[in-house]
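Since the structure comes first, as structure tokens, the remarks are kept for the end.
So that you can tell them apart, the chains are marked A, B, C, D and E in the order they are listed, and the count of residues begins at 1 in each.
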Amino acid sequence: MKIIGLIIVVVTGALLIYAAADFPAWSDPASPASTYLSPYFIEKTMEETSVPNIVTAVLADYRGFDTMFETTVIFSAGVVCFFLLRISRREEEEPETRYYRHVLTGVTIQLKEGYKIPPSADFERIDAVWTPPDLIIKTGCRILIPFIQLFALYVIAHGHHSPGGGFQGGVILGASVILFAISHDLRTAVRRMSEKLIGILCAVGVSIYAGTGALCLLLKQNFLDYSALAGVLHVDPITARSHGILMVEIGVGIAVLATMIWIYNNISSAGRYRQGL
Amino acid sequence: MSEQYPALLVIVPLLSALVISVAGWVNKRLCFPIAVAALGVAAWSSVGLLFRVLDEGVIVYKLGGWSPPMGIAYYIDYLNGLVLPVVSIVALLNLISSKKIVEQQFPDKAGPFYTLYVLMVTGLLGIVVTGDAFNLYVLLEIASLTGYGLLAMGEERAPLATLNYLYMGTIGACFYLLGIGYLYIVTGSLNMVDIARLLPPLYQSKAVLAAFIICMVGVWLKMAFFPLHAWLPNAYTYANSASSGLIAPLMTKVMVYVMIRLILTVFTPKFVFNTLAVHDAVVWLAVIAIVMGAVLALKERNLKKMLTYIVVAEVGYMVGGAWLGNRAGLTGAVLHIVNDALMTLCVFLVVGNIVYKIKGYAFGDLKGLFAKMPFTMGAFVIGALSIIGVPPTCGFFSKWYLILGAIQAHQYGFMVALLFSSLINVVLFFRVFEIGFYEPFSDHEGHEHHPAVMAEAPLTMLVPLYVVAISLILVGLYTGDIVNHIVQFVIPKGFM
Amino acid sequence: METITSIRPLLAVLVSLLIIPLVVVSSRSPNVRESWTFVAAVAKFLIVLSMLPAILRGTEIVYTVVQFMPGAAIRFRVDALGMLFALVSSSLWIITSAYSIGYMRGLKEHGQTRYFCFFAICLSATIGAAFSANLLTLYLFYEILSLATYPLVTHHQDLEARSSGRKYLLYVVGASIGLVLPAMLICYNLAGTLEFSKNGILAGTAVSPSLLFILLFMFVFGFAKSAIMPMHSWLPAAMVAPTPVSALLHAVAVVKVGVFSIVRILTGVFGIQLLSSSHLGMAVCYVAAFTILVGSFIALSQNGLKRLLAFSTIAQLSYIVLGVALLSPKGMTGGMLHIAMHAFGKITLFFCAGAIFVATGKKNISEMIGIGRRMPVTMAAFFIASLSIIGMPPCGGFISKWYLALGTLQAHQIGFLVVLLFSSLLNACYFIPITYKAFFCRPEDAMFENKVQEAPAFCVVPLVITATISVILLFYPQPFLRLARMMVQSITGV
Amino acid sequence: MTDLISTVVAKYNYWIYITLMMIGLYAMIAKNNLVKKIVGMNIFQTAIILFYVSIGVKKGATIPILEHGHGPDVHHVVHAVDYINPLPHVLMLTAIVVGVATLGVALALAIRIYNNYNTLEENEILTQVREK
Amino acid sequence: MIWPIDLAILTLVVIAGIGALMVKDLLGAAILFGAYSFMMCLLWSIMGAVDVAFTEASVGAGVSTVFFVAAVFRTSRRTKD
């Protein structure tokens, strides 16, 4: 296999190097890529969408259709991970001995099969390998997480004017929840943000994007033509585009946030939703 | 409404997939009807689009209202006008058939299954309908990712087979992306029609040459063209039959479509057949693909795996036909996309029915199947005859055009390969028929009745199967109309 | 020539397909099921018959079902030759249906519904082939016939049936896909059409003689149903089928479709001008003559009655090919006429073999000594039919052989006349002893008691009818002779 | 010689991207461990992203965010040469997302495989498969 | 643009990439991969692709690494190559 790999790599590499000889010089302002389409975007973006961050404008408007599917890609990755890994409650064998922890005292109780604990908020279910979260980490993360989330919201909201946008913000939001799950444990995180909620949020996020597009369609414009929203939002078509971009960015943010958590939950627990990282 | 068909075609399945995924959390029983409705709408719009194309010619739909090449646009011409209904109808039929399979195999995961299913169809439809080279990549990834998910749900070996598919598929998609990058670097455009407009002065450029080769290798990887086919048989064999029934007929065919699209629209036949002039070599590759596919299929003692090797051989048919570089060959290739999708669907639905009832698909499991499942096997016979290429089933006519193209291009090797593969197919399928028909042998000589206990698949699986089986014959009979009204406009004027 | 457009050819093809659902539905009550078969058989015969007057008037009936591409369509054209063949096969279907009932019930065969269904498909395909207007349609029905015959050949579903079925498929389907299909496409590429024409579609094209030679033999060997050596060995193997199948299909429909296809190729695709100018006709003649002699010799050494009949069929089929390939008007008339004459004779022989099997369970000639005392009617019919095959009066076979002999003279090919006569002698050598031993053996050698015990009436009546027809055809060879002459006249102008 | 060096330097990015891509490709083909293959796959993908980003680079230009004031009336005249080509960036955002999605699916598959065979080495898995 | 830094980081990227593939411990590989992604992110921000760099920082160096670590945690660190 190694030899085959080497041959393939050498052949492919040779082809690519051979082709690179015909490329325009690196960072040449006169290359076709820099002179054909991009000037249009650079020069017209502000007029047509009133979004200074050209990348955001192109991403969410000119090529908004790509981005919708990009969100769908991440959504489908989430669904695939769930589909493949999640062990349904019916299949999941309940371990013979279960562990509960009395939250107030920290006493751990072991229950044999058949015994039950009266429903009470004082006890929380834990796993056999459970170790108490480190206090420093736990507290540190608790302090950090709100700031991370605030920053994430800023990134989403300010995507029009600075680097960032729904995707980056969503990832950061998701990362903050993942951080919570790492610093505590997966059970706690899932209790805060249930699987069902995550699953629905994923779909809702993408739906916001696609729904905005479909709304334009209902308003007798082409799909994703945000200028159709002008009538609904009572603004001029150019500002409507800007608002439309914000709407879809929020959708992307929600979808990405939920999907990242979803994938993490499934991968880190191999689909059992206990014993996280 | 009809002017929004191009958008509806992709949006309705997409939104429905989202709704299905929510419904999966609320009420699982809703998932299936929503999926059927969504694909029904998609099928309706695709047929509507085809008729519009027949009336008006090429339809351009600007997404976001931005005119290409700034924005993304859908171009629907005769080629994808023809492929779209095939994709959506094949997906719809298999979906109906998969209901029982899902109930039997993973009842708890019906929600995500249908979500992925509909998303995959969205991706495939999007690939076919788009006119933007990069958009195609994104949709390709949707179709692939969902496909990995669907295929990995199966037997014990399914995840490993799928992971290998994932590696190969990713390399393929990345190669395609890289090729598009090369085109972008020399033309600055991503729109297919626009690239074709900008390319002619650059025909001698090494970068364009490399772009073409890389794109082709990428697409060949995804379609399992012979030396690059290794991922396909295992991935399709070990998957659950609901998924393989969707992916086996469509994925390779859609990639063949992409290849033809690249040849016809992006790089233009002038570049491919006149400037580059490597088509003889590719046709010989196709010959090897066909022969090897047939031979490898002969080796298998397992119905589903045998069929997957036939898929590999059929890919050789289409690649070879497209690269013959003449009208008849290309007609055959385009026609074969349609026919092979239907044929493969037919035989994979049969496998689905068999697995549903018998729980196995090795040759040993098929004994006495004609007595046990006469209706399923009846449809199997039709599908098999079509793959063999017996008139009046549709498989004959695409083979007809392919052989005619081979003769006109003086590619007698390709002709012999096609005939050889037909003959091998006769052997392959009649071997299966024999097992189903004769075995188990009666104990004492003479006219012993086989204990025939009918155990036929449920109606929701039989009806789609028969729709396909009958359509194999109908498509065959209407080949003339399809060619005269659609396929002949696919081929650019001046193409010999 | 005047043509009429009419849907009747299509109806003739479809009528037996349409009853299949009815047969399947009524599989529980055999009497209803068989009556459907009869209805279809009679209806088919009547539809074919209804076209006869028009054909005899010299018109042709045309119907296009679908046009695939220019020059290639599913299209029917009823001409004299097609009519002749259709008339033979549709009339014999009625008789065979009756015989099948007697045979299948007599032996309590399994899967009778399946049997009747595929029988009906076979007949559709046969009529379709007879009426096809172009090579594509012919090929289509040829393939359908091959595949629909497979379940009939392998009806017993045992190991022997399986190996015979394999052989059958290998030869028939393999040759048609491997040889006919490419040959047809090359023709299409050369001529741009596949419609049979009076002068042959390849006539006007500039084709090199070597390619022409290759094409011709791709067709001749590709239509392996005609059992021209070396593509013959499926035919004896296929005799494992139930006897009615052997009778109708392997003496009449299947093999005749093969021969009919070759006749069409010779007359409609190549055309006699081209064949005679390039001397390719002679090449076919030599192959056919070889098959005639070798087939007859092998038949001599056979013990199994059905195998003997199979080799006899192989030889007789080549008479037809030989006659047409001689390219002389009389020879062609004889060849075409032999389609009909041989059909009635051979089917009788097969019916007799089947009747013997039903009544006594014997398959081999060596076990049939003295059987005439037990089954006098059957063996009398057998005698008459064998005379027809040998080509002696008072049977129809005489006429066709007479024309064939005249044809060799007309073509100045005395060598083939010798072949014909010698082969007839061989025919006599293997047929006459059977009858002789059946009736005139010494009482102590007889293997059967001297008590008349015939097969069921459903078996015996059909064979009496066909034997009678064989005799009648000598005195009244119409409409077959007329049809054959019309066909020859339209091709050669003589 | 200087020509060669200048060619090498002028397209240094392209050479590096090819190197990385080949490293990734080699890992995907030749490595035995499934997770290593996935790492290789990611390197492969990022190499392509690097390539695209390199296309976008423009000498003497700044990041593609327009300088602007607030309010509709503040419109500078924008010159295309001043800003880096944004289009490859947009495309690559999508590609990164696709990359992470593929990564997630691949890892999920690897976990499934591990659950079945208790190893991630491909040859060990294949031995187990063959033994069955 | 400061091209020596560019060249230096490009070289580092290659080293990190090779390292991730060579190291005999999957957890180490995951971490090195994170480093690789981060180098990449730096490189892109130098090239002016701020949005891409931002995304790579959050996705490649952030979440992807977490996924890797999680997956390695659920499977095994052992590797032979």
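Following the convention adopted for this analysis, a contact is a pair of C-beta atoms (placed from the backbone, for glycine too) under 8 Å apart; a residue touches a chain by one contact, two chains touch by 3 or more.
Because the structure is a prediction, the values reported are computed rather than measured.
Separation of subunit B from subunit D in touch steps, taking the shortest path, is 1. Each step here moves to a touching chain, and the least such steps from subunit B to subunit E number 2. Chain centre most remote from that of subunit A: C (centre = mean of CA atoms).
Two chain pairs, A-E and A-D, are compared here, and A-D has more C-beta pairs in contact (counted per touch definition above). Ranked by distance of CA centroids from subunit B, the top chain is C. Between subunit A and subunit B the centroid-to-centroid distance comes to 32 Å (mean Cα coordinates, whole Å). Annotation: 70 Å between the Cα-based centres of subunit C and subunit D. In this assembly, the C-alpha centroid of subunit D lies 11 Å from the C-alpha centroid of subunit E. One finds 78 Å separating the Cα centroids of subunit C and subunit E.
In subunit C, no residue reaches two or more other chains under the touch definition. Contacts with at least two other chains are made by residues 134, 138, 141, 145, 148-149, 152, 159, 184-185, 190 of subunit B. Within subunit E, contacts with two or more other chains are made by residues 1, 50-51, 55, 59, 63, 67, 70-71, 74. Contacts between chains, counted with the stated touch criterion, involve the pairs A-B, A-D, A-E, B-C, B-D, D-E. Subunit B makes touch with subunit D in their complex at residues 134, 138, 141, 145, 148-149, 152, 156-157, 159-160, 162-163, 166-167, 170-171, 174, 177-178, 181, 184-185, 190.
Per the touch definition, subunit D reaches subunit B in the complex via residues 21, 25, 28, 34, 37, 41, 44-45, 48, 51-52, 55, 87-88, 91, 94-95, 98, 101-102, 105-106, 109-110, 112-113, 116-117, 125, 129. Those residues of subunit A whose C-beta lies close enough to touch subunit B in the complex are 15-16, 18-24, 31-38, 40-41, 61-66, 68-70, 72-73, 75-77, 79-80, 82-84, 86, 88-91, 196, 199-200, 202-204, 206-207, 210-211, 213-214, 217, 221-227.
Residues 4, 7, 11, 14-15, 18-19, 21-22, 24-25, 61-66, 69-72, 108-109, 112-113, 115-116, 119, 122-123, 126, 132, 134-135, 138-139, 141-142, 145-146, 148-149, 152-153, 159, 182, 184-190, 198, 205-207, 209-211, 213-214 of subunit B are the ones touching subunit A in the complex. Those residues of subunit E lying in contact with subunit D across their complex are 1, 3, 6-7, 10-11, 13-14, 17-18, 20-21, 26, 29-30, 33, 36-37, 40, 43-44, 47-52, 55-56, 59-60, 63-64, 67-68, 70-72, 74-76, 78-81.
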